[in-house]
């Protein structure tokens, strides 16, 4: 029984690409955005957009008239489902490659399927460093890893000590106890320890918590100067709200690409969202750094409901689509081996990436991946670090709840 | 009259044996790996639910805790391969034994509880185990265990391109577990199980040591469940607590059995044969739409089946049989 | 010392919220012996209703809880009429299966209609207010929820134990057929009980968007905790559910702080096991 | 002659489509005490359950006071004035004796009236008064039976149906129950009695019906049934 | 030596003394009737002997062994099996399966156990119901099922708690015949019964309880004339009748 679902019209040349994201379940919000992001990129590639300044936008399709056709799949945030959906995409739907799949825990088994089938797996934003340490030959990841982000956090912390005389010594961690949170926290701890900071609080919590009282109390009791946070969605708002209720804040709070960078967070939390910091790969406020994004984002906004701009995670999925298409175009063939080699061999133009370029090291990590440290000020993501890209000085220490 | 019923039963069993005899040649007939995948899952989930059925169906102790044993089995395989870089077999066997021991250990306090109190206790146990495994570094904690690329074959119980190996594995598992239950059903142990379910006091008045019976049922059920867990780890190449040791997984054991017909031999198979394809095909059809349409349809279908036939699919079959009998009786008269 | 007081108050306030969620479940479970697996999703639906009323019509949660209570009454009654009534007297487990299906439907219909976005009312009357009692901080929204919880629990208790209707409810719970022979319209009682169970959780959900984000998954853990509360208190015992909920809140708070936050739910579920080891029918169960 | 208070006309009922009552007709006049006797499994209980509205007849009709009640649910049947004391007691096991009695008068809202009825019944069954705050579950078998009857009478029915009332009662009590029933009947309550103790039942009844495998095989004045050779042989072991 | 020796058995529920210092013996091969007013403590005594309750004081010896604190299933294994006054059929199992559970106590093979079960069912006049779910039986049917099930365990002592309640006189007669046959097979019986037609003719000895204490013990003829028993249990009218019938 085939579930082809699409018919190839006579004469039309189609490259099927599978998308694999958590469209339902606890990570559905992010997953749906990622899916929309890939769809946006595919639309730009398939049609002529002379005014969009992104490779392949100006031409129609690739490889002389091939159109990209997306086949969407939902892994619900579950590794077992992700693995079987990946197999279905390859075997049943006959997709050429898969883009996905947000959760690192799912990306691992799903990309395993691709690797042993000798097919390409493009990963946008899964952030576990382990993914690109597996020496896979057909796995490529666009985003920086938690490892790099953690080192960045430490760098910022040191910089604040240095430039701002902040006297930051102790670090606390709060993270959802999932594959992602745990991994991020481990990296954070490692980096902080290496730089001589003292870890005074290590607070994992079960995602989807009914309250975060004990978690925040524990933080408050240990009173770290800096917090590295990895909380998603509802948990992030709950965390911030709970800190407010307990009338406590660290001097600095830095967040992995998570709840912090959600484009609607400022709407949800209002002014309470301010003065938190985090790693950011993209935000509409970066327009001057990444001028090409605006036009693409217009399409993206139409595909999201409620309509939102790109965020650092979802935009990476569009990058993945663009880079893959560029590689196919450049390789001039659909041969997986050749395309994979081409991907490795070149440095790719990527106006949607903060670094502007994409290039892969062995294992598939994008070595040009970059993120900035931003701080929410007045509801906007202000760039605060590194200095050469900054547009604002950080507000530091965070303004206590009572004085806002 | 008596002969007739025996004859009919024989026909039924012959038909069943014929179907099972055909099962091994299935891989030759099916080219789609997705269909194979669905078949494998049907066999696996039927086996899991049958293992659950020993305790939950025959013995009447509704456990929402079986994902603990399933998880232990999965961790056994996973740790053997990932942590100790061995073949999965010793891990699975040890884990199955551990699962049985854990079952016996937790059942001591739990068996004092009746009905829903027991059910909630088992579910509390899942939540506890899940959260402990999430922070237990030795078993991988929240990071879970990811399979490395190992050689294909029976020794590693790992196949990449073809699904036939997994299919036969699932079939053997299915054969073992259904065989065990079939044996139980016809022997003293099975009668005692049901007697304990229907009335513990009565059973004891007839000389049945209900505590021992329940312990045995729990241990056996856990052991078999763990075997299925090991298979699942090998099949999915990853083990982590939300995947194998969650309440959601535990619910599947219960749902499939209830849907098929609780406390019956064929129930788990029927339930899995309906629920799994429903789940997989609705997802294949509508999952990509993104709005959870597949899950809405899936949920609605469950509700409709229950409304139409609260006794499960076995109930539907029984109704059909009754109707058939009545019409044939009329015809005969 | 101050910390201890603070933690105890934290726990009690949270416990009262759990009680409010659990009381409806206790009613349904105790009277009908039906496990309503969709209870957490009822909560979620109520939260959405309250959120939308606040977002679109600017109704404060303190007012919309009336609407969400009423709406969930209807949802509960309909659930009984359309689904549960078909399973009564058949297999004990079929209601569980049906409500599991229902919970899946509700969760995903909300996901489909309202998107997976999480939503929070950030300018309700109560949002962000805290009360400072000599250094001990208490969040006002949770406190108000707690007060509502006590009121609702008291009302339900009085209704079940001090009124004619309550007698009828208890009689129906014990022996449906015999109750009918007393002239009690048991079908009506069932509809009412399911409706009331819904209404209780409706009130809880109505209040919550002023401090908790609403999203399709929000009800899950609350649902689980409600199950534990009801069982720990003893099925059908409303004071039992309240006591259990408070205890759960306390254990969560104290263990979360003094041992480690990751273990707080381990402690909660462990508490249930400990309680039923000594009292196999919960605190006040039969 | 007056119209019958209860007229059962050729009813058919069964369980899961398997018929157990194959066309039963009964007429009961106001003020009568009628006994239904029959062997185990003859369908006595099923007949009563059908009249009480707990089972729906697949054919035939039941008229009470001229009104067709065959489609009414059980609680509506009670409101018409028919009280059924079921086989096997069916007490509210976790409630006290007194609470069970109060529930028996569920349809009555007047507190004093309820008190009055309870007093009355306590006079009839003094044991119950001494156990009034004991939980029904822990009563002895006989005590439970008394409570069941008392509860059935709490609604002041016009027609009282008693199913196997003597089951498990000690001889002295059976005697007393029979006296009580006659007493209740004299007070104007019509009674339909199902009994295994055929002799005792027919001794107090005005009329009787004999049921066999879902059909009425004999009926008539109680004395003539007592004398009937067939009845004596089949049910009285003589 | 007596098969069962009950010594000073006392059972209290809170302040209520359900059995008060009860002692009696049962000789092997006899039928002992246990009677007494409703609530006298007969069922409670059964529960204490069969291990459902742990007596507050006193002891029970069975076949020369102290069984006072043994769990119910051990006592059943030793050969003292009881039926329940409030019937407890294993509802969703068929009539045959119900009895099989009993039969498995002595026969581990399914085939032979089935043979035993069928024999017991025939004896209890349930032969034509074997494939029906036990829940479908009428009260009388369930009572006979209880008996068949207990019988199938191959007991030394069979304790029947009102096994004949709910039967018509003719059916009672059948059951009495059955009990006689059971005794002829060498099984000792302890029978609680309110139907005197059933118990009087066959009992070798009667034990009468009232208010938890034993008020009389002896052969049926003596018991009938015992004033205390008439007062507490039979009632005047009834005892007249039964005496008349005896003549």
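All chains are identified by letter, namely A, B, C, D and E, in their written order; residue positions are counted from 1 within each chain.
The working rule: a residue touches a chain if its C-beta (ideal position, glycine included) is under 8 Å from a C-beta of that chain, and two chains touch if they have at least 3 such contacts.
The chain list, named the UniProt way, goes like this: B = Amino acid ABC transporter permease; C = Branched-chain amino acid ABC transporter permease; D, E = ABC transporter ATP-binding protein.
Since this is a predicted model, take the numbers as computed values, not measurements.
Q: Which neighbours does subunit A have in common with subunit C?
A: B
Q: In terms of touching chains, how many steps apart are subunit A and subunit D, taking the shortest path?
A: The fewest steps needed to get from subunit A to subunit D is 2.
Q: Is the C-beta contact count larger for B-E or for D-E?
A: D-E
Q: Indicate the whole-number Å distance between the mean C-alpha point of subunit D and the mean C-alpha point of subunit E.
A: Roughly 28 Å separates the two chain centres.
Q: Using mean C-alpha positions as chain centres, tell me how far subunit B is from subunit C in Å, no decimals.
A: Once rounded, the distance between the two centres reads 32 Å.
Q: Just curious, how far off is subunit B from subunit A if you go by their C-alpha centres, in Å?
A: 38
Q: Per the centroid of Cα atoms for each chain, what is the distance between subunit B and subunit D, given in Å?
A: 49
Q: Touching at least two other chains at once: which residues of subunit A meet that condition?
A: Only 24, 28, 32, 177, 204, 206 qualify.
Q: Could you list, by residue number, the parts of subunit B that touch subunit A in their complex?
A: 32-35, 37, 131, 134-135, 141-144, 146-147, 149, 160-161, 232, 236-238, 240, 242-243, 280-281, 283-285, 287-292, 294-295
Q: Spell out the residues on subunit D that touch subunit E in their complex, using ranges where they run on.
A: 15, 37-41, 45, 87-88, 127, 138-143, 145, 164, 167-176, 196-199, 233-238
Q: Quick one: which bits of subunit E touch subunit D in the complex? Just the residue numbers, please.
A: 13, 35-40, 43, 85-86, 136-141, 162, 165-173, 194, 196-197, 232-235, 237-238
Q: Could you list, by residue number, the parts of subunit B that touch subunit E in their complex?
A: 186-188, 191-192, 194-195, 198-199, 201-210, 263
Q: Under the touch definition given earlier, write down the residues of subunit B that touch subunit C in their complex.
A: Result: residues 62, 109, 112-114, 116-117, 119-121, 123-125, 127-128, 131-132, 134-135, 247, 251, 254-255, 258-259, 262, 291-293, 295-296, 298-303, 306-308, 310-312 of subunit B touch subunit C.
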